[in-house]
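Report on the following structure.
Chain IDs A, B and C follow the sequence of writing; residue 1 opens each chain.
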Amino acid sequence: MGKLLMKGNEVIAEAAVHAGCKYFFGYPITPQSELVAYMARRLPEAGGLFLQAESEIAAINMVYGAAGTGVRVMTSSSSPGFSLKQEGISYLAGAELPALIVNIARGGPGLGNIQPAQSDYFQVTKGGGHGDYNIPVLAPATLQEIIDLIREAFEIADRYRTPVILLGDGMLGQMMEAVEFPEKPAVKETHKEWTTTGTRGDGAPRVITSLDLNAESLEQRNEHLQRKFASIRQNEARFETLYCEDADYFVVAYGTVARIAVNAVKKARKDGVKAGLIRPITLWPFPLQPFIDTRDRAKGYLAVEMSAGQMVDDVRLSVNGRAAVSFFGRTGGVVPTQEEIYEQLIITAGGGDVNENGI
Amino acid sequence: MGTSARITILTGHYGSGKTELAINLAINARKNGEKVAVCDLDIVNPYFRSRDASALFREHSIKLVAPPERLATADLPIIPAEILAVVKDEESRVIIDAGGDKEGAAVLGQFFHEWKDGSLEVLFVLNASRPYVSTLDGALYTVRQIEKASRLTVTGIINNTNLGASTTIKDIQKGQDLSIMLSHKLGKPVKYTFLESSLRIEGSNLEMMSNKMMTMDRYLKLPWE
Amino acid sequence: MKTVFEKTSGLKDTPTHYCPGCTHGIIHRLVAEVLEEMDILEDTVGVASVGCSVLSYDYFNCDMTQAAHGRAPAVATGIKRVLPDRFVFTYQGDGDLASIGIGEAIHAAARGENITIIFVNNAIYGMTGGQMAPTTLIGQKTATSPDGRNAALQGMPIKVAELMATLDGAAHIERVSAHDVPNIIKAKKAIRKAFETQKAGLGFSLIEVLSSCPTNWGLSPTESLEWIKENMLPIFPLGVYKNSSVGGKA
């Protein structure tokens, strides 16, 4: 296929098609509308189906219906629309249905604006909807990485029977980069024995539900879910590190912010500060390993986010009090600059007056 | 720029690089001492529009016709009324940056009665590394869709084929070949081939490829660039 | 009434949980019999809604999916779009369909989704304890309209069959009632017609069935059936509101 210059939103859509996704139900919202438009054009070509739903609530429930038949299906939205999907996401988690849900986040709360933000971190990693559940969340930093992660997202979804979220910010959705779609074997349609597709001589009728009126049996169901989540925690955490072997100070950032932070880390190293970068690729499960590896010798961690401080909570939990954790964030669609991050890193390294949100 | 038209309308498929071209064309024209206005009519893209270069335009004394700053980052399809005055100003070079594809080009249709024959060029910006326009059929289809939506006829082609930082000589050559084929089909010239000035492309004499090779600077950068 | 009590393979053996005299059970049976008679149980995916019929997936002897409150038509859309050759139906109450899920219902109809909705109108929220529904009658006392529904305060009841019939995507819309044997026979014919409409690929079908809720109405089963006749029929006239041309035999 060769290289193409594509927008992040287009890459997400094309990567999903490559991963065998044939069904898309969505509703327009900036800054992810190109994804919906691309799917409307692309899926019929790929022998699939695109349907614009009347709302995000309807879209996620169409996904729920389609997922119950066992096909690869997805929806996408941006923050305000993603909030509306929470009900359906909780049902998907409860009924254990695989699906991909994309959130190209924008400034909030409320209607906010259409600029990039990472302020939906709590919502995607801590549940978001009602009930005891977690959902694997993947956060790509480059457009090429989107292609790998979308494929993995569908595989994780099928392997664990769980919805999976891909979280990006408006910048990731809107920016353009050269990408290449690797020639991978077509996705095999695996037989899923739990689907509701009409029994057709295939044994007793099946039911897809999240309802369980008996307390003990719902508890058992929850325990089953928790075992599943434990296994996802164990097997699916992903991260990337840069210069961490000898670093004293660690910047922690994900998605596009990690790309800005890389430059600040490099500059700090040039200026004699031994800085490193930890980039979580899965936000749930939050990767513990890089912190276990560094926290006993670290002189400090600096979490950088396009939010008022959300991921920093997970950093603190992972560092578990063994080193100072400070925070720098911009909100409302303001993107932190390399210079700002560098400055914060120097303050952190100086042990001086860290940002007021820090420890 | 060596163009006789006073008004240049940049159309193209989605993500063809119209905005960067608009900025470059405007700055070049200013360097020739012309009075220049850039009209940002991009209602399709939410980010990376001409209006995002407003400081640059101020610095070069280029007039920017765009929604008021207060609404610059809104996803409201605002068409600034000032565009009419600018289009009528015979003293001014006007560069119009429309949104991509037929959706973006449709905005131009409302000005159908404002354009004056002869003083107008409508350029189709082609990046052959983009999906859906990497083949002759795809590019031709896009041109026809844009012409229909904008109620205008494309008068020339700009080859802006690139893969961002990974551009190679082969990509530009591919774009050049496609532009020429498209040019034959449309009966309209390839006006320029653009090459980003920061790219160091080795192993070939680019001048050989086209005598209309122009370099351009990239102004709208990502925060890590 | 004999036919009503014959066993149908469209229902599992699980006893239903409905209150004595509640016509939900009869409506289940009618749907089940139609699925059995059309020999489509193995080709059907049903969607249970949230309301007293939430456990209908334990009763219908076909594949079933449980939907969130009001979302059954969207869930059914998702299933049907993937499996266009299967029969897909939802079974929804009046709170589920006419209140929280009116948007999903209207849009499914407008799109002409080739699905069948069994809409059970008992003029009240049964499951949550007798609160006012969009179909509650003027003057009807409920837990949340203790002085009776008052048009000035709570607006007028929504007439779902009439509303849906205005949509071009709707192929067959009919209102029937479960309050006596002749009407139950007619109701079954209507349900058959709806599934035949789906079979012929004609588009959206909805059968509104007037149903009783002795428990929340505070009436005996017999009084409840009488109440449907006396109070609901004048407001919710029975009949075909949109007629698909398929011939259904029941």
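The rule is simple: contacts are C-beta pairs under 8 Å (C-beta built on N, C-alpha and C of every residue); 3 or more make two chains touch, one makes a residue touch a chain.
Because the structure is a prediction, the values reported are computed rather than measured.
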{"item": "Interface with the most contact pairs, given as the two chains involved", "value": "A-C"}
{"item": "Far-end chain from chain A, centres as C-alpha averages", "value": "C"}
{"item": "Between chain C and chain A, distance of the C-alpha-averaged centres to the nearest whole Å", "value": "40"}
{"item": "Chain centre separation (chain A, chain B; CA means) in Å", "value": "35"}
{"item": "Whole-Å separation of chain centres (CA-atom averages), chain B against chain C", "value": "57"}
{"item": "In the complex with chain B, residue positions of chain A that touch it", "value": "3-7, 10, 14, 30-31, 34, 41, 113-115, 170-171, 174-178, 256, 259-260, 262-263, 333, 335-338"}
{"item": "Touching residues (chain side chain C, partner chain A) in the complex", "value": "12, 41-45, 47-48, 54-55, 57-58, 60-68, 71, 74-83, 86-87, 103-104, 107"}
{"item": "Of chain B, residues touching chain A in the complex", "value": "14-15, 45-48, 73-75, 127, 129-132, 134, 162-167, 171, 222-224"}
{"item": "Sites on chain A touched by chain C in the complex", "value": "23, 25, 49, 51, 53-55, 57-59, 61-69, 71, 73, 87-88, 91, 95, 196-201, 205-211, 213"}
